[in-house]
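Presented sequentially are two complexes of chain A, the first with chain B as partner and the second with chain C.
Up next, the complex of A and B:
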């Protein structure tokens, strides 16, 4: 077993037995341990409250040396999520790799990070978008200028994720 | 797989293995006497430095002699490259908090204040406040203004953090390179006579402890190697310029030009502090480690860093794969297996039981907020909400695990939906009407 596989197994076990509230993550199919699916519950007291958002995590062969990639597989409208669902937060970038040029000393990927920490960071990203990163320019603009509209869209996404009628 | 962190370790690693302790212990009483005498001479040197005008030849000579008495010796290499008039920006690697003093002795210069050193010391130590606290722009403007009006050059350490200078250079901050299009690189290395090779500075040490060792040991040699001035090429970006200077300096020093930054060093220190707190049973220290990296810096216990034994190094590698396992457990098992892979396997398949520790130094705020908020809603218990997604057991076979995983996913969605409907009863009404 490679160390990447071992580490993923360890994290899977940890997340199965002792997950943070409202989070589930694990391999889509154990045939391929490098493809995970995660369910993330929108944090309370935020516009994403209550939604359960599925996302896909893809791990590189040299994990945990390199960070995983993360992409929402549901519709998502958020300043730090690209329209195609890819998540843009500093913990998913290795030091030195800084595509947006805004991550000065923020928390970066390193082998001490983990899937759990990535998912918790995504939760806090949902709660507090980082206005400096414009992964989704429209969402960032709306978040700044028309918060009400943003909340309305977010609530639609929450209902959609729960498979509830939209109006 | 852990090249990155091994490189890290070497970048900041320590002195003395156990054998080097012996001469040190024998020397210690002599050193202590020397230290006391030197403190008084040091006060005089300080006075002279404050009184005589900067960059006068007499001052240079007197201070250099006095510093030599204090055990602070500066040697120069490649004199033919020594700064010519006109080059006003010196860049040097960063070994100790006293680098700029060493440079100042042979090449009078001033250093912009970055750290929070005591104000009254700034002037005589050649530190100059360029308004760093007011943000980068003010700083850049002030420095540029200074450079155009004054002859005394400015010294900057683009690494922003100290290393031992033996394995690699941290990634250069580009700020110093925006100030002028020509820089004069200096390579600093610090050595002490064998057999008292106490390293001049260690991870997390404060300036006064470094000073203590300078005054205690017979002498400390700061070697300055001058390199040829480097011009920014036309069309070269500041980052490229910084990188080029870094590579140039690294090759002159025979070390690697790494991509690690000051932030990585801090992160590394946090990690060390974290495993250091495992060593002490006192919960107090653990708490402090978690609170902030700043306090973590002060908490680092030096003995842990000093030991570079095999097991220690292997334990760090195991921790990279399994950060939740207490380092003590890892070390104990490594003592038995002496094999990283075997220990990892034994920990994973449960041969060795351990109490998982919190891996996270600081959980994202959202989590704590969430906790406090959900505890406010006293009428609905957490289990009723079904947000707890944990399984009772981790299945032995892939099939079992997949089944439990699917069940838990469905349960979470179901529970969230019920919760949402409870909060928004109007939807339920609408659904019922249809």
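Up next, the complex of A and C:
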């Protein structure tokens, strides 16, 4: 059994035994531990409050030496999330490659990180977008210039994620 | 569904074309001629051939792979687009001999390439999957055998065609299949590594190392192949534009593999030699879970402690160092830091002098120690922490109340001593001289003497070491001297205490402006005369060794001081420091 698989199993066990607040994560099916599904809730007192956002985590065969990839499977409008749902935060980038050219290596991926930490960082990213990273330029621009409309879009996304009627 | 329709349509079209031809010509041969002469019929036939190839591919996929995973499919499509583009580029190079056969060969190449990629992905999947069935092994093994033999066959074919008919398109195919052959070998090696890993119950520590070396070797082979290919193509045809991208990619991969191998080797060597094994006590004091694999660490030499005190499994560290040469927790660069870190495993070097600076970042405690041990030494060493030094000097003088009023105690900081020559390490062990020199033959003597450059250099080095040691000893003796003689000076200083303090202030003047006072010019001359370090050393050594006992400073012998500046061999017992003091006392007198 590869060390990646053992570590993923250990993390799955840890997440199941002590589930952190606001997130659920686990393999899509137990045959393949390298594809996970996660549900994260929008942080309180932000425009994403109350929303439940599904995402997919893909782990490389050499996990935890290389970072996993994360992609929202729902619609998401956020400065640090690409329009196709891929999450762009420094904790998910291996030191060395720097797609946005601003990240210090101190906040990059290292084996010390875990699924839990990644998801918690994503939750805090939802609360506080990093304006320097322009994964979604439209969202970044709106966040800076027209906060009201951004909140309106976020509210729509939250309602959509909960299957509530859009008002 | 759509593909079934397309297949059915093409089969129907072909059937109608053939049926039509046979209906018109009634015989086999005329129908074939009719079909080949008619462009529209040929188009249908080509289409049918293409569909057949696709069907064949599907069949092979079913046989060798079963259901493709989504990631594999995505990967395949992405790579196919590049391959198709490059094939079209290749067509432009060989537009002169563009023929159906040529296109067919390229299609076949593309077809086989796809299977190579799929095989690669599938073998990579082995690492992730918790259970691998026997069917998987059978499939991978037979596929690799098939692909390998096909590649060899085509390489052979291309080789013979080129030999018999001269350079042609076959050259391109030859190289393409050779590249594919390296891919097959690479996949096979990976498969073998994964296979052995699967047979084990616990993770195989060295697997990552082997994988790294496999990558390096294959990268090298690819780069060599591409370079040869491009040179040959440049000579025969033209610049092979279609080979640029894969060549660049393989070169980059090779460079990365090479870099990884070098850096990780260095980091792993550091780990093996410099870092201590974590002891059970250390493991107990911290959380004993290795943060990389999230499994427990036991104390029996399976865990290592990095210079930053973070503890990990050796195997986990090894595989991490193949990516990054930093501490996973605090990101300390292990390649830059380790030399400066004192670890128990590092050989403790016996230092002949405790006050030697061991490295640039000399601990404060050591500075204090040196200052306490020998305040003068502390001054000579030019410690960055001036405060600590002066405070130490102060405390030193407080320890000896008799000396606190003595001007000699303040002289060392004022005396401009040449920068102290730092010890690089303990002097090399000197050869032990034979006990009986008479027994040496002439030959032996000549050999010992050595007339080569190295022998002379070694001798000079040896003498330099002796010189440094002697200097240190001299300085210590001076310090003792000052302490001993401070009692003598007290009588004078107590009388002229206030005057001396004034003098002290004036005394510093000549060093900045020698002409300010003619009465102090002697001091200036004195320091000037002995400004060269070797002069000072020689002078002091001669002074020191011309006397058998600890000399006594005569504070009032002004004439001797002056003559000392003129005559190095003068047996004046005093040091330069005390000389300036002597000048001082002379004036006060």
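What we mean here is this: the second predicted complex is superposed on the first by the 165 of 167 C-alpha atoms of A that agree within 3 Å, B and C clash if a C-alpha of one lies under 4 Å from a C-alpha of the other, contacts with A are read in each partner's own complex, and residues count from 1 in each chain.
Here is the rule we go by: contacts are C-beta pairs under 8 Å (C-beta built on N, C-alpha and C of every residue); 3 or more make two chains touch, one makes a residue touch a chain.
It should be emphasised that the depicted structure is a prediction, and the values quoted were computed from it without experimental measurement.
J.: Superposed on chain A, are chain B and chain C clashing or fitting side by side?
T.: Overlaying the two complexes on chain A (C-alpha atoms) leaves chain C and chain B clashing.
J.: After the superposition on A, what does A:95 contact: first (chain B), second (chain C), both or neither?
T.: Both: A:95 reaches chain B and chain C.
J.: Going by the contact rule set out at the top, does A:34 touch chain B (first), chain C (second), both, or neither?
T.: Only chain C; A:34 stays clear of chain B.
J.: For A:61, using the defined touch cut-off, is the partner it touches chain B, chain C, both, or neither? Pick first, second, both or neither.
T.: second
J.: Go through the superposed model and pick first if A:111 touches only chain B, second if only chain C, both, or neither.
T.: The answer is both, since A:111 touches chain B and chain C.
J.: Counting touched residues of chain A, say whether chain B or chain C comes out ahead.
T.: After superposing on chain A, more of chain A is contacted by B.
J.: Going by the contact rule set out at the top, does A:3 touch chain B (first), chain C (second), both, or neither?
T.: both
J.: In the superposed model, where does chain C crash into chain B, at 290-298, 452-460 or 542-550?
T.: Once both complexes are placed on chain A, chain C clashes with chain B in 290-298.
J.: Check chain A for residues that touch chain B in one structure and chain C in the other, and list them.
T.: After superposing on chain A, chain A residues 1, 3-4, 6-7, 10, 14, 62, 64-65, 95, 105, 110-112 contact both chain B and chain C.
J.: Which stretch or stretches of chain C touch chain A in the complex?
T.: Against chain A, chain C makes touches at 71, 124, 127-131, 197-198, 203, 291-295, 316, 319-320, 322-324, 326, 328-329, 331.
J.: Can you check the complex and tell me which residues of chain B touch chain A?
T.: My answer: residues 1-5, 171, 259-264, 266-267, 271, 320-324, 341, 344-345, 347-348, 356, 359-360, 363-367, 369-371, 373-374, 382, 387-391, 393-394, 398, 401-402, 404-405, 408-409, 412-413, 416-417, 419-421, 423, 427, 430-431.
J.: Spell out the residues on chain A that touch chain C in their complex, using ranges where they run on.
T.: Residues of chain A touching chain C: 1-7, 10-11, 14, 31-34, 58-59, 61-62, 64-66, 94-95, 105-106, 110-112.
J.: Help me check something: in the complex, which residues belonging to chain A touch chain B?
T.: For chain A paired with chain B, touching residues are 1, 3-4, 6-7, 9-10, 12-14, 16-24, 26, 29-30, 39, 41, 43-45, 50-52, 62, 64-65, 95-96, 104-105, 108, 110-112, 114, 116-117, 120-121, 123-124, 126-128, 158-159, 162-165.
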